[in-house]
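Once you've had a glance at the structure underneath, I'll fire off some questions.
As written, the chains take the letters A, B, C and D, and residue 1 is the first residue of each chain.
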Amino acid sequence: MQISTAITCLALICGSSRPAYAQTRLSREWLLTTDVYGNPLHQRLTVSVAGKVLSGTLDGDAIAGTLSGNHLHFIATDRRKNMTEVDAQLQGNEMVGELTVTSSNAPGVHAKRAFSGYALQVRPAGPPRTVEFKPERFYNRFSAETAPAVTIWPGDTVHTQTVDSGGVDEYGVTRALYGNPQTGPFYVGGAERGDVLAIHIRRLRLNRDYADSLDAIAERAKDSRLATQAKDLGARVRWRLDLDRGVATLSDPTAHLKNFAVPLKPMLGCVGVAPDFGFAPFSTGEEGRYGGNMDFNEITEGSTVFLNVTQPGALLYIGDGHAAMGDGETTEWGLETSMDVEFSVDVIKNHFVSTPRVETATHYVAIGFAGSVDDALRRATSGMAQWLQQDYHLAMSEIAIVLGSSAEYRIAEIADRDAGVVLKLRKDLLRQISNPEK
Amino acid sequence: MQISTAITCLALICGSSRPAYAQTRLSREWLLTTDVYGNPLHQRLTVSVAGKVLSGTLDGDAIAGTLSGNHLHFIATDRRKNMTEVDAQLQGNEMVGELTVTSSNAPGVHAKRAFSGYALQVRPAGPPRTVEFKPERFYNRFSAETAPAVTIWPGDTVHTQTVDSGGVDEYGVTRALYGNPQTGPFYVGGAERGDVLAIHIRRLRLNRDYADSLDAIAERAKDSRLATQAKDLGARVRWRLDLDRGVATLSDPTAHLKNFAVPLKPMLGCVGVAPDFGFAPFSTGEEGRYGGNMDFNEITEGSTVFLNVTQPGALLYIGDGHAAMGDGETTEWGLETSMDVEFSVDVIKNHFVSTPRVETATHYVAIGFAGSVDDALRRATSGMAQWLQQDYHLAMSEIAIVLGSSAEYRIAEIADRDAGVVLKLRKDLLRQISNPEK
Amino acid sequence: MQISTAITCLALICGSSRPAYAQTRLSREWLLTTDVYGNPLHQRLTVSVAGKVLSGTLDGDAIAGTLSGNHLHFIATDRRKNMTEVDAQLQGNEMVGELTVTSSNAPGVHAKRAFSGYALQVRPAGPPRTVEFKPERFYNRFSAETAPAVTIWPGDTVHTQTVDSGGVDEYGVTRALYGNPQTGPFYVGGAERGDVLAIHIRRLRLNRDYADSLDAIAERAKDSRLATQAKDLGARVRWRLDLDRGVATLSDPTAHLKNFAVPLKPMLGCVGVAPDFGFAPFSTGEEGRYGGNMDFNEITEGSTVFLNVTQPGALLYIGDGHAAMGDGETTEWGLETSMDVEFSVDVIKNHFVSTPRVETATHYVAIGFAGSVDDALRRATSGMAQWLQQDYHLAMSEIAIVLGSSAEYRIAEIADRDAGVVLKLRKDLLRQISNPEK
Amino acid sequence: MQISTAITCLALICGSSRPAYAQTRLSREWLLTTDVYGNPLHQRLTVSVAGKVLSGTLDGDAIAGTLSGNHLHFIATDRRKNMTEVDAQLQGNEMVGELTVTSSNAPGVHAKRAFSGYALQVRPAGPPRTVEFKPERFYNRFSAETAPAVTIWPGDTVHTQTVDSGGVDEYGVTRALYGNPQTGPFYVGGAERGDVLAIHIRRLRLNRDYADSLDAIAERAKDSRLATQAKDLGARVRWRLDLDRGVATLSDPTAHLKNFAVPLKPMLGCVGVAPDFGFAPFSTGEEGRYGGNMDFNEITEGSTVFLNVTQPGALLYIGDGHAAMGDGETTEWGLETSMDVEFSVDVIKNHFVSTPRVETATHYVAIGFAGSVDDALRRATSGMAQWLQQDYHLAMSEIAIVLGSSAEYRIAEIADRDAGVVLKLRKDLLRQISNPEK
């Protein structure tokens, strides 16, 4: 059932041209979907045909095989010598067939499964495009089972909008179910398992004059004394967004707060990609290694977010704009509002980040998410250590010295299921690192 | 035993003048020490004599009584109607006597104990002084049982030095036992239980050209991956302090770090006061509600630290200067060095801070210390809420709004027994709060 | 799309009898599904017809309306005076219509949505049945969007099987995707939002002679020293299950462990219900307030699990049997094996448990799940306090006394995303509590 | 000052016999105390004299030197080739002299310090004794600076009493300051740095008919809901101890609890030794690697506690008896009462336990203490792994298997500064481990 759903959805991203010959039709990118005990496994296939000889990749592993009329047969072998044998019949832009997996550990055991596939849109010729995307539907999960809304390519820029966390758009119209409904998913051509997706927030602008927050204090911030005093809180608080002055003020302030104005600093609460096969789609209220509801107030215009790709096309979602937010989102809601967004994407091939990363104008930032602030701190530190190893080839002793002298730790998020801690390093300090290996 | 020790010590702070008449001698401040099952209880007594009538305070509670020759008798009554009856004999600048405590809950039960007392130095006439203090001995505990090194008064400024955490002074001479040996304690005249001590760091300057750190990664920052990779770390790392350029560089750098320079930002790792009666002295490696080894890298020149007073004279200690330190002190040592320090003190009468506070040029900061980062976060938040209640009379709903929009959370310390989290609020934002109650 | 999926699925639970008259057909239970911005909202409708007058409940709220031929119209009103107006057309065992929701806060705003509904199977006459259920498909999520596999009623007993966490059944055949694939979901007739489902584990028996575990140590259990020493662990460990002796031994033991035998104590790692509307389905590797992968080694034969119902029919899933398991599942896998299971269900109307509960032969147990052991402890304690309030009418002071003298805290689970802590109280001690309010 | 204090104290443990010749006098055990920048360093010296040749140990390191009349000179060398050169003059049972320490890292640097020493009591001939110890004074710190109350030897049994946590004895008389005042310290002859002290609780009996507790709920156990509901708790609760029935009942019960009786299970809340040089004495309200206020309700009659020795004589303290206590001491006080205690001690030479251990009739128990339950769990696990390595020579993979199948985790203490988690393993299961290395 979920498989057929996926197939229907993916039809949206198929090209419409149907070339005359199998060779031509075949020599492009395909998305294969296999039913594994009721769970859809998506794989990316690239094929080149030279006469009857097939080459290419299946989720990055080299394939070798043959083409006979509309029938193709090939074997993909991964680094551990596991083999996937594929037999398929071409039908225009589609193929159906059977996939036999043989583990190198158990060469006599073969798992055979039906699959179907579709040809992906071919990348338009010419320079990167700007895609205008008007979302019609919004999604409440980060999922690989949702049909891509649009296909984009590395270098492309997307101009679009996000609704607020309650599903309300720039005109005050409720368009989606509360809980951070997302714009997307964006299928990024060429992105596949083992890559990292870079999302550059080119422009992030407010597009209405109010935001909603709460007067709550998050559970993680309350000791007994605060809990007792804050027990009746949780009311909605409306903010007026004054774009001219660049501040937010309370719509209905108390006497104490009648002059209280906070600087506008538009941010995207959610930037996430679809989780890996074998992992359930996750709520747009959650966050983790796939990004998601990170609620980090430095994901602003000019910043870049880095996330691992584990599904063909990455399947990027964005949403949950805040006009401003204190660290930790202690009120459970930031200043929730709709947003006008422009972003572009890049794909870093064969890369891996143990935890989401952000680059701002001044800092490199590793974000750790975990069920406690303590464990989030561990992940942020480990993630930054990995970054310094990858990009600067530092030994652990050198990493210790850099962190001990220069680390900036902030608590980004405490209101969600996972807490978020960021470790920031100044780019100007890191530029002092000599890199003899390069 | 500990009592007699205390008495010997406190002799150091006695005035030397011996007026001719008991009335004159008596009308000043006294420090009483009572042995409570082997534990020294220090109390501050102020006395005024009008004829034979005594008035004044005992640890802030009003007293009433009489003077007959060298014999005085009075009763102090606290808010809960507990009574302390005192009978004493004056002997120059000393008194000895008996103290009978009667709880309002058990009026028939009386605890009678011997005490002795000494007259405090009278505050010198004239404007606040600058005291030059050359430390001869350094202390490895924050304790009420250590003799005050010098008595100062609100408004006074002290110029002194601190040795580094290993006990080494500005000349490279080891002067004290490793483990953050402290300069002090400073007895602040007039400070008593129920007050808050404000310590203004007027000047904080490096006085030698090197600092020592480690290449460690603190246990709280390591996940399994980091733990495995960092298992052989922990070596000493020497830094060269270049006061002209305002940076620290490695004395013996690796190729990668040969140009790595971090800005100097001298800070005091330790600012603490003696703990309350009934609490053990605590190690200069620890921190908590009395301050201590807070290791917060914004306790720099120009900042003010606020700590509760629970002992007569507060008994202030300072030490553990760092030339620079990343957030969290992830290397377990900052850039440890000796320091030239100038600070002044103020006493805020009848005040209470649930957690240490710091005021910097730009921010108000509440620091929470606890055994986990999660609980430290709770204490910092609760401490800031209290501050906003005390100084701005905000309701909890208003506090939630201010925090949710403007909180800045940093992780200050993860290397010590307690973790430290700071909640910072910009002073310019708080100046917008209207305060109709004032 | 997800709506149509749900409708197809629910057809499986429809009765097949088609009575002649609308009144008769209507007077039973219905499951309505409404599309809320792409998210399926399931509601349970009960209807009684007296002439043209309709009465009954919609998710527990009283309804009032009329029937005219095949057209029905009614209004449901909840405690907060929110109204749901329904207009529908009967078509045999199905109905389609429109649902208009009016919030009492915003009487002028109406949300109108299409819905469709199906008549539920009528409860068979006679005493509770024993249902033999042979699972054909297994599920890797706890979800309200999965079609019920079978409908059962309070008092009914189900006899069924579970595969092991890797999807392998009692014959060694892989039947499902790894990751705790579940048997179910079981639709419990009469269960609706606001109820509590009691699941009695009547029989829990091993049905094969081996189990698989790992030699891992969970991340939450490792300090730096253990992390370093355990860095190369994670291999699969096969256990032989000796049902005669009642022990498990290693299939391929080291010299040290050649005589090491642990007592068999079969348990169900997973017992869970579908999450509420607005919450994403959750992975069968996770746990929380809906139960799920609780991995508590006292969920054994003879125990009862209590979980909140938030979806019509509760939608119960079971799986992940362990032949034995130490506290905490420190090896990440228990002794994973397939299982022969018999359980019965009861529905406690209008009840609420803040956290899952278990009753064993000797104890009442509240289980807290959270991202840290510390927070799980808080939830377990709060859950037990609620239990003592609900069933014994104790005041908080009395609860404190009972816990302080008699609490037993165990750490149940540390290997999953959430940690689990249980607070146990002996039933014989609680029987001493007098209960004058009853 | 602290040095002279120590010297005075130690005089209490000196033998009174004064042999005629230096050789004879010298050939015994000595306690040396050196002033290290105001901090007393205690060392244990054993000497044998053969003619003029001296041999023996200084804190376990071999010494070699000469005796000339009353002047002795020797050098002690440790494993890292650091040398301590000693020059001293004998004066009866005392010696005074100078100690020069040369680090192998810095051979040219010598630290020279004055020390004084006293001869320890010679162990009485014959079998182990039973020592009757009537405490006159009680101590509120675990400290190496407190004079030993009595010297005992491995194998000796002590019969003594402890007062309750409020300092009240078996007759209802207040004898000490509240806060777990301790009986002791007991100087264990022969125990020195690098050993482990085993404390066998031979007999632990109630000696009065009441106990005091609170109706509090510890901060670590409260979520927001509980915090709000429990905000007015904290009152004292008196229990009647019925030794005949073996239960405790409330002295002034509510209607609900009028029949509520909990089984008596006397336990020692505090068993601790003095901390190492360089560490501050710690409060009797705290716990950690030196034991202390562990509050584990299985430290009962018949159990054995294992603690590292870091000071000559170990300096053992006991106190804080509870008539019964739920896990975690959630009420902050157990059922606090005075106790009649009999214990014996053994010394395991050259051993190390990373965390306190307990052996009960049925289990081996490792206790982890840390600022969070999460970190305490890590330490308990690491401590048990170490035990299995030391006593069973298991590889980490084997340890993982034993823990995964058989671990029992309980939360022992949540009311103190550190939380305590215990990991228990059944002794009968461990007896199955083959131990070919032995």
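Criterion: a contact is a pair of C-beta atoms (placed from the backbone, for glycine too) under 8 Å apart; a residue touches a chain by one contact, two chains touch by 3 or more.
From a predicted model like this one, the values you see are computed outputs, not experimental measurements.
Student: Between B-C and A-C, name the chain pair that shares the greater number of C-beta pairs in contact.
Tutor: Between the two chain pairs, A-C has more contacting C-beta pairs.
Student: Which chain maximises the distance between its CA centroid and that of subunit B?
Tutor: Centre of mass proxy via C-alpha means gives C as farthest from subunit B.
Student: Counting in whole Å, what is the centre-to-centre distance of subunit B and subunit C, each centre being its mean C-alpha position?
Tutor: Result: the chain centres lie 54 Å from each other.
Student: Counting in whole Å, what is the centre-to-centre distance of subunit A and subunit B, each centre being its mean C-alpha position?
Tutor: 48
Student: Distance from the CA centroid of subunit A to that of subunit C, rounded to the nearest Å?
Tutor: Centre-to-centre distance between subunit A and subunit C: 31 Å.
Student: Residues touching two or more other chains, restricted to subunit A: which are they?
Tutor: Within subunit A, the residues that touch at least two other chains are 222-223, 230, 372, 374-375, 419.
Student: State the interface residues of subunit A toward subunit D in the complex, per the touch definition above.
Tutor: So the residues of subunit A in touch with subunit D come to 219, 222-224, 227-228, 230-231, 372, 374-375.
Student: Which part of subunit C faces subunit D closely enough to touch in the complex?
Tutor: 213-217, 220-223, 225-226, 229-230, 233, 235, 237, 248, 250, 254-262, 324-331, 333-335, 354, 372-375, 377-379, 381-382, 385, 392-411, 414, 419, 421, 429, 432-436
Student: Please name which positions on subunit D make contact with subunit B in the complex.
Tutor: For this pair, the touching residues of subunit D are 1, 5, 8-9, 36-39, 137-141, 167, 175-179, 181, 278-284, 286, 370-372, 374-375, 417-419.
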